[in-house]
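Got some structures for you, see below.
Both of the next two complexes hold subunit A, though its partner changes from subunit B to subunit C.
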Partner chain A sequence: MEGLASLDFFEVLRSRRSIRKFKPDAIPGELVERLLEAGRSAPTAGNIQPWRFIVVDDPSTLGMIRKVSPGYFGGAPLAIIVCSDRDRSHELGGVIARDYLSIVDCAMAAGYILLAAQALGLGGCCIRSFSAPALKEILEIPGGVEPELMLAIGWPDEQPVKPPKLELDEITYHNVYGEKWRNSFE
Partner chain B sequence: MEGLASLDFFEVLRSRRSIRKFKPDAIPGELVERLLEAGRSAPTAGNIQPWRFIVVDDPSTLGMIRKVSPGYFGGAPLAIIVCSDRDRSHELGGVIARDYLSIVDCAMAAGYILLAAQALGLGGCCIRSFSAPALKEILEIPGGVEPELMLAIGWPDEQPVKPPKLELDEITYHNVYGEKWRNSFE
Partner chain C sequence: MSNSAEGEERLFELASFLAVSARGCVDEPHLYGPLRLIDALSRLVELSKHIPCVGSDPFLEEVRDRIENNKALIMHDKEKFISFLDSLVLEFSREIKRRAKSRP
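For the complex of A and B:
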């Protein structure tokens, strides 16, 4: 990965935005691998690692996905479908692993992939507005495995402004719910 | 935050481990704020921002939490309970936001907080093995708000080895499930 500047962690965190408009240029395999490694490095309950990643770059497959996903924004040249092997989760961790922790693990992996995309100069957007049954058919995802989240990834062709955010003192409590964590925030 | 080395994003990603053994030392408020800001910067479906963070550093409250949480490892001086305002999610995004996306959003926020902890020299562990009703009572969490994940945070008092991980070629597919993304991984 020569030529890539070393990026400060908090700068990556601060500067990440959801990107929905992409240049058509393809993404080198080496960068895709770094995204996948980022996903694989996420925490996972009981080390179950339920995640399965489907890298989609075939234009015809991307076209089919777009049709069953109203939330699939822009002409991203790459999609990573983050699936969970829920059967494996169930076997290794019981019902809570199958029905809850598999979602948590896949969300963390997706979040890490989006941060890594930002660090690599790429952009991405997390999408859930898709038809899971249609996606399973298109991608031949077996029973027992569920598509949890879809990441549209590409070279950004927009610079979105930061959306309005709740302030820290609106969402943070101290020892009991409702008690402000700090009396004053800067 | 003077004196903190600027940390390379991928180094933070690579070096993060779940930490379950902590020194007793308290965590300065400035660092707690950076953790919370990391959580607040996570992606959130439809910008709903369902997350609510309860910072727990009161020893007596921590003791009560420990009793209802077999997964609360070590003597962490700080817990951050990541809750979702599911009523708000429902109002703004319907059933899928309440029952699914609120979990996803809270998991991503928790994942970002754990990465930020690593960048700050802290360590943490994500915990779900708690009694949600008991936790709601202890922390006075109202109906409509759910404790999703608990983060034990502190100064690491262990250097855990990397747990065994599935290789990338065991979890990655190309365009269809079951088709290897690459014929050879290094």
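For the complex of A and C:
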């Protein structure tokens, strides 16, 4: 049973793609909740949990977001804006937490949400092509909190081909940088 | 939404898209500039449907469809994306010649 669960997980990893065309159908609140639960399960430095999620499903607000987000393709019915509470990070973890770890944590939360979306049959795309100042104005995000990433989520209306990936031995070294990785299981 | 109101909404959306893209291009990868331009072209063709004095243009509509089907190439195959831009320019060149010949 444990093996089966692992296989399912790796199938989710293997099959996930960035989706940029969506069906207009709404996403049930229960599924949105599961995405958010996945996001808050992500690793976080010092347990600071700097992430703040803004769930946008109001068509009018989505329309405003689209106007300031050139990377928002495909008319997704849901956007999750992953923000970092930089002030809180600074207070709890100092400058490195404010300037670096808060962004890393938000990226991990975004990754978890995208994987959860894939597991639920949804699709998503991680977007950074937006104007942060414009988004802060539209969504009334306070000072000290920064929108880091936007996740467009919806029911996929395309099946993108797998993009080329670098081979493991091109990106992995063994013990020291530059020493070729050899897969000892082969 | 009336046709006029929808046209005004799309015009505003395009204007905002261009302004935000201009700022984004300062920091983003340089190939995102061409991406924003052809995306704007696609949006412009869509917008033209709401301008009463502009008739339907099958060539431009075909161009819009091709852009929508190919713009995501930039994310995983930059060479193909550039080839797509080359083919788009060639198609415009041929269309320019065709229109010049068909003028009285």
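Just so we're on the same page, the second predicted complex is superposed on the first by the 175 of 186 C-alpha atoms of A that agree within 3 Å, B and C clash if a C-alpha of one lies under 4 Å from a C-alpha of the other, contacts with A are read in each partner's own complex, and residues count from 1 in each chain.
Just so we're on the same page, contacts are C-beta pairs under 8 Å (C-beta built on N, C-alpha and C of every residue); 3 or more make two chains touch, one makes a residue touch a chain.
Predicted model, so just to flag it, every value in this text is computed and none were measured.
In the superposition on chain A, A:134 contacts subunit C only, with no contact to subunit B. Touch criterion met: A:163 reaches subunit B and subunit C at once.
Partner contacting the larger number of subunit A residues, of subunit B and subunit C: B. In the superposed pair of complexes, A:68 makes contact with subunit C only, with no contact to subunit B. When the shared chain is aligned, subunit C comes close enough to touch A:20, but subunit B does not. Common to the subunit B and subunit C interfaces on subunit A are residues 18, 163-164.
Residues of subunit B that touch subunit A in their complex: 6-10, 12-14, 16, 18, 29, 33-34, 36-38, 40-43, 45, 47, 49, 51-58, 61, 83, 96, 100-101, 103-105, 107-108, 110-112, 114-116, 119, 126, 128, 139-142, 145, 148-149, 163-166, 168, 171-178, 181-182. Touching subunit A in their complex are the following residues of subunit C: 12-13, 16-17, 20-21, 23-24, 28, 32, 36, 39, 71-72, 75-77. Contacts from subunit A toward subunit C in the complex involve residues 18, 20, 63, 66-70, 73, 129-131, 134, 160, 163-164.
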